[in-house]
Structures are given as structure tokens and as C-alpha cells.
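Listed next: structures, encoded as C-alpha cells.
Shared chain: chain A. Partners: chain B in the first complex, chain C in the second.
This part shows the complex of A and B:
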């Protein structure tokens, strides 16, 4: 083969390779659904003692109200601005707004550390972004609790059935020795209902929707207003956004 | 044959042990309860079961495990029966809505076999099924 022919063929191969790779890249399927929640911090501040969403969630999911603070089980709870956004706020803001109430729940991270450490696959990330728990597979090793930087997971140290005030017969309880957390109302989403906390909020402080959908209410709000997520430097990419 | 030291004691002990060990069998033979089979209260409530009875008798746990994995792992909640009707894959919501008497349906057989399923440590027995 002559040098000239070799260069011709090599060049042709290079160009067609470029073309093919660009085509395959553009046909890469993108995830259709990415569930997300926005929480309006200002609304929660205005109604400081409001616990409607927490009570509503814990009621339908049979979350026990354990009196011992060390053994508390929480799917959604409140903390202060200062504690929830330790590294994100400047010192002066901490003085003025540090004690504002902030609603906390599982962030359903894009890059969930709890999923990585689970040895049994009992927790995993669904296609639509929900970080799910399979209580059948959980062996209670609590690696996920150690890995979660947001404290979103609770352990059942004992049979907590007795601490459930009013049992919702349509939802299971959790047995002793498993870790539990918010499931983003997966059982309601499958029936086209909003998560209970979003639905229950009397002030419309919470919105829920598909972040990949340009028209959904959270993506509209995220375009219009400033938002922060918890501990962004960890790279977990939360799907719960706090509107400022 | 060599003499067994303390043979009398040992043999008596062995006979007593075997008699005690097999006593449940003797008890049942004497009282005629040897071929007792628990009688289940099957409430159909006018509906056909998910699969035919012979399959459910031997393989209900296979079906339940399949349902569990489908709902929890794959997020699929609807099961298509052989006759084409669709039902929700749910232990508390579907199975126990028909078989309302858990004590005389599930527990009676499981208790007889000494096989305690772990379903009920989390799953609820629907209110109307509690009698």
C-alpha cells in the first residue's frame, strides 16, 4: 500500500468514527423522570410552629413516635437554618437567620452514598430518582446511616409498633432491626397523587414534580428563585431544594 | 461378646429415652389423632383465587415472593390473572380482602407445621379481617 492510500483510508476512518460517536452520543437515552421537591424556607419561617406536613406524613406511613430521643424514628422533621446549612451560610447570616426553622427529609440524592455502602442491595436508586428501601432485604447493619450526611435514616432499635398512635392499615409498619426513611411517597406517586407532605401543607410551601419537565412547578420555581441544597460540597446532588 | 459395664442401666436408659422421644407418636396413635389435618376455613367471597387451588396450596409462597419483588424492586403493582383480569399485587390489600379469616386460614396451617412466616412483623392484617 502506498503511503498516500494509507493516509486516505486512515482519514476516512477517523471522520466516520467521529460521526458515529456523535450520533451515538446524541441518541443516548436521557432519564425521563427526576422527582424533586422544593421547600419555601420563607413560608416555613412565617409559620414557625407548623407541623402539619410532619404529622400528615408520619400518620399515613405508620412512623412511630418514640419517646427516647436516641431511638427516634423520623421521615420528615425540622431543624434550624444554622444546623441544616452549617457550611453554606456566612457568619453574619447565621446571627440573623440561624434560628429559622428548616424542614428536613431524605434528599433522594442523584449520587446517594447510602446506596453505595449497602451490602445487601436493600436500598437502591430507582429510575425515577427515588432512593428506595426494601425492608425485606435490610439486615440492619446501619452502614447507610453512617454514610448519609443528612441524618435522613432512622433505625428501629425495638418493635416500635406500640408507639404508633393510629395505625394506618393500608401501609406496613417496620420490624425491629431495620433502617427506615422517607420513600418520597412512592406508593402515592404510583397512584398519581402528590407526596403527603406536599399535599398537606396549608401554605403551599412545598412543591413536587419532575425536574426534567420544563413545565413542572418545582422546575419553574427553581428557574425563578434562588435555591440552595444541603452540603453541596459532598457531591451528593440532592433533589430537595430550599428556596430562599 | 464382651460384657457391657453397667449394661442394665445403660439399656434401661436408652429404652426410656426412646420411649420419651417417640412419645408424641404413641400419644397420637392411642388417641386416634395421628392423621389429623388442620381444616382451613376458605372464604372465597365469590371470587376466584389468583391461581388454581392446587397451585396455591403448594406454591403460595412462590407467588407472594414474586409479588414482593415485583412491587418493591420493579414498582409494578398490577398482576394479570390467567383469565385476563387485573388485580393489585398486595398481601394485605388483595389476599386478605378475600381470605378474611387469617387465624383460620393462614395461621391454622402454619401453626400446625410450626412454620412461622415473617410477613406479619410488618404487614398489617386489614381491620375487617381481624376477628
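This part shows the complex of A and C:
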């Protein structure tokens, strides 16, 4: 074979390879599962002092009840409407509904900024959308805490195991110096159970399911009712929706 | 050559002893932090970075600013800088060391530091920062060492160091750019989310670095009789004032964009920085201190009467370094985290232990700098 021919064939092969690979990228099959949660803000408003879901979650996940507010570890917690949706609400809404309680947890964003910044891959996004944490790989640099626009991540500023009220032996405890957050109960989902917060809510204010499934309860509710997410303009695409 | 680092008089050894003492003092508190956790610091879930990361940013800048002497000396052949180029390179070595040390003490699990290398994450700026910082440390160590050895033997430095010099120039810019990218890539913190952050960092670095070098030159002149030459000092003063003017300009540009556009998310942080938020105005006091000191330093630097008075210029430079340290350190970090995601202000006050650890690291840096400078000056002085 002449050099010229060889170069021709090699060039053609290279270009067609590029073309094929780009085609295969654009035809990526859509994800089957995308877990999501809806929270009915009106239900939470009716039962203002209810903390059942928070206690249930923190109990099974060995989340310590740290007395110092600066060092609190929280997987799910409450705030008010005007604080959590500070820039999304107009002044009138703030006046009338600003003090409504609102439940906050990790949004398990489609585009999670915390995952991008982690220098060790200790936090990553699973195929089904759950943003996971590896407590054994985390070096405690807290870059993810700076990157999360929702304050969903907590750091163990000291050995917090002494603040766990009742130890659940089926779930790991965390040592000092690592970051932790809501795991969307991946340990329960794998056993076909609902996340603990959804299951525990006595008023059915929370639903959980596959957003890619037309029939799932969150999909249905999101079609029927108006919903908002936190800081939508950031493009993180949260998977936790607030029904108004 | 290393033996030259340890030859000195009684006062030299006393100074080394003092630095060792402060380092050990800081280390005691670091051991406490290792045992107890980062809870001994003033940081918390809302202000999750503090004094350590503030110092890290500042010292990366000081390290990068060696390029302000490397460029004129190697590219424009400004011969006068030959006397102090080694001091600039060794200052960069000590500063990079300080920067790395400050990140290290900020880690919750320092024993897992090698996870950064074991599980390299190319999408994390922290990974790249580690690469550029270690690279810069090695580059400057080699360059400083080879230059000094050549000076000792009275020969030209080996020709391959030329290549390293050319590499070190963009590399210096890159260390501070990557450090700025750590912050400005985060849309969660509107205060940092500005494309101007990296240029701002470089401008403030090129102010504080040469200012520190000038301070060191003045000190060496006083204590060792080392004379860098009047031209060098004048040139460095010019570098400081030009960089300072750019720094102030960049700051004003940032202020204009935020306050003219009235964009609520940015406005919240910048008003907290300058005027306080919901009655929390401790940081505003620091910000104005920094701004006023910077502006006055600029005026003093260009006023002939002041800039020719060695004592006045020494004080001006000290205040200027303090102003920049505040601005790109604590003010940058705290205005980034406050007001929090839930529209509150969480006051951060470094604890006694945290300040002690910081002092310890500073004195470790000073110790390295002293040893390197003593070695360099001993080589220079003995023919």
C-alpha cells in the first residue's frame, strides 16, 4: 500500500469513528429511574409544629442531636417560606405566607454542584439520581458545603456519636471530620421501602416515586398541582418539589 | 551549601529558637484539633471555611507574585534585580509551603490526604490546585537552588534552568488563577461568582507580594547590612503602587456592577460586606479598614515626601499588607458565606486555638524563610 492511500484510509476511518461516537452519544437511552419527592406545603402549614418526619429520619440514620446550633447535623429540617425561597417570592407573598413552615432536605439535584467540586469522588450521583456520600473516602475539605446552594450538607466538627440518642445498628455512624447528608434512604429503596420521612408523615404530605414513571404519585401530583423548587435559576434541577 | 543556612551569630540562633518555640506552641494546639476535631475552631455549618482558608488564599498570592521580579529580570534583563531575585524565589517557596500547610490543617481527615491522588477527580479545582502548588514549589526550589549554587561557584546557572524559568512564569499566574477558580466557579456563593475574581486576586497578589519583599529587604538591611541597592527598592515601590491602583480599580468595578444592577443575590453579600446586614456590621468595620488603608497606602506611595522617608514607607507597607490580607482573606471568605442560604448572618470569630495554630504555621513559614535567606546571604557575602 502506498503511503498516500494509507493516509486516506486512516483519515476516513478516523472521521467515521468520530461521527459514529457522536451519534451514539446523542442516542443515549433515557434513564429509567429518576427518584423524586414532593412536599405539600399546605399540609405542613396545617400541622405547624409537626416534627415526625425529622425525628423518624434522624433516628434510623444515627443523626446526632448536636446541642450547639453552629455545629448541628441535619438531614432534614424545617425553615420558613421566606427564608428558603428568599428570592423566589414577591413581597406580598412574603407578608401573607412568609412564615409558613417548609421542610428542607438534600434536593438530589440533577446537576449537583457538590459532586463536581469533590476532590476525591467521595460524593457522586447515582444513575437513579441519588447524590451519595462515601464517609470513608471524604477528606473533610468542605468544598461541597461551599458549593451546595441549599445548605444541605453537615460536617462533623467533632465526635458527634455521643449525641446519638438511640443507636441503630443497621446503619453506619460517622466519625469526626467528614461531611454527611440525606441519602434519600437508598438503603430502604433497595429493599422496596419508601424513604423514612415519606413513610412516617401522618398527614401524607410527602410522596416519593419515579419521576420518569407517568403513573407514580409524585408524577401525578406534579401534573395536577402547581409546584416550585428552590433556586430554580441556578440550573441545579432539584428533585424535591414543593406543592403550593 | 545547606551548612550555610545554619551559620550565624547568637542573635540569629535566638531568632531561630523563638520561631521554633512558636511553631511548637502552634503544634500543641494542632494536636488538640486532631484529637477533638475542627470543632475547636470558630467555624460552623454556615461559615464552613475561616481563618485557615483565608490565609491559604493570601499566601498563594504572595507566592505567585515572585513573577513580578522574575519577568523583569529574566525577560527584560533588568540587571539590578539580580541581587534579590533569589530572595523573591525563596519567598515564593516559603509562601507555597504556608499555603499548603493552611489547607492541610483545614482538613477534617488529614490522614486521608492522599485520597486526592488515589482518586484523582479532574473536575475538582482542589485537585488542580494541589498539582499547580506542588509544581510551583518544586520549580522555585530548583531555580533558587541552582541560581544560588551558580552564584557560589561564580559561574552561569546551567542552561536547562532557562527552560524552567520560562515555565515558571505562566505557572505562577496559574497557581493564583486556579485558587480564584476554587471560589468563582461556585454559583452557590454570589459574592465569589464573578469572572473578575482571578484578575482581582492577581492584582492584590502583585501588591502584597512585592510589598512583603520590600519589607523583608528593609529588615535585612537593618539586621544584616544587606544592601539591595536603591534602584531595586524604587522599582519595587513602583510595582506595588501600580498593582495597588489596579487592585483598587478592580474592586470599584466589582462594586459598580453589583450596586448599579441591584441584583438581589449579589447585593445581599456586598451590602453585608460594606454596610452590614440585619444589624450585623462587624465585618463592615473590617472592610472599611481595609479599603481606607489601601487607598491611603496608595496616596503615601506616590507622595514623594512619604515614599522617600524610609520609616514612613515601612509603616505604609506593613499597613498595606495587612489591608490586603484582610481583603482577600477574611473579608472574601466571610462575605461569601454570609448571609447564609436561609438569609441569616452567622458571626464567625476565630477561637484562641485557631489563632494559635495560625501563628504556629506562620512561624514555621518564617523559619523556612529565615533558613533560606540566611543561606542565600551567606553565599552572597562570602566571596
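A few comments on the model shown:
Note that in this section the second predicted complex is superposed on the first by the 217 of 244 C-alpha atoms of A that agree within 3 Å, B and C clash if a C-alpha of one lies under 4 Å from a C-alpha of the other, contacts with A are read in each partner's own complex, and residues count from 1 in each chain.
The definition used in the following text is that a contact is a pair of C-beta atoms (placed from the backbone, for glycine too) under 8 Å apart; a residue touches a chain by one contact, two chains touch by 3 or more.
Note that this is a predicted model, so its numbers are computed, not measured.
Look at A:86: by the touch rule set out above, it reaches chain C but stays clear of chain B. In the superposition on chain A, contact of A:132 is made with chain B only, not with chain C.
Of the two partner chains, chain C is the only one that A:142 touches; chain B does not reach it.
Contact with chain C, but none with chain B, is seen for A:71 once the two complexes are overlaid on the shared chain. Once chain A of one complex is fitted onto chain A of the other, the partner contacts of A:173 are limited to chain B, with no touch recorded for chain C. In the superposed model, A:120 lies in contact with chain C only, and not with chain B. In the superposed model, A:157 lies in contact with chain C only, and not with chain B. Set against each other, chain B and chain C differ in how many residues of chain A they touch, and the higher count belongs to C. In the superposition on the C-alpha atoms of chain A, the part of chain A touched by chain B in one complex and by chain C in the other spans residues 176. By the touch rule above, chain B contacts chain A in their complex via residues 68, 72-73, 75, 77, 92-93, 118, 121-127. Interface residues of chain C, counted against chain A in their complex, comprise 36-39, 43-46, 48-49, 103, 106-110, 112-113, 115-116, 118-119, 121, 123-127, 130, 182, 185-189, 264-265, 336-337, 340-344, 346. Within the complex formed with chain C, the chain A residues making contact are 68, 70-72, 74, 79, 82-84, 86-87, 113, 116-122, 137-143, 145-151, 154-159, 176-179, 234. Residues of chain A touching chain B in their complex: 126, 132, 134-136, 167, 169-176, 186, 190.
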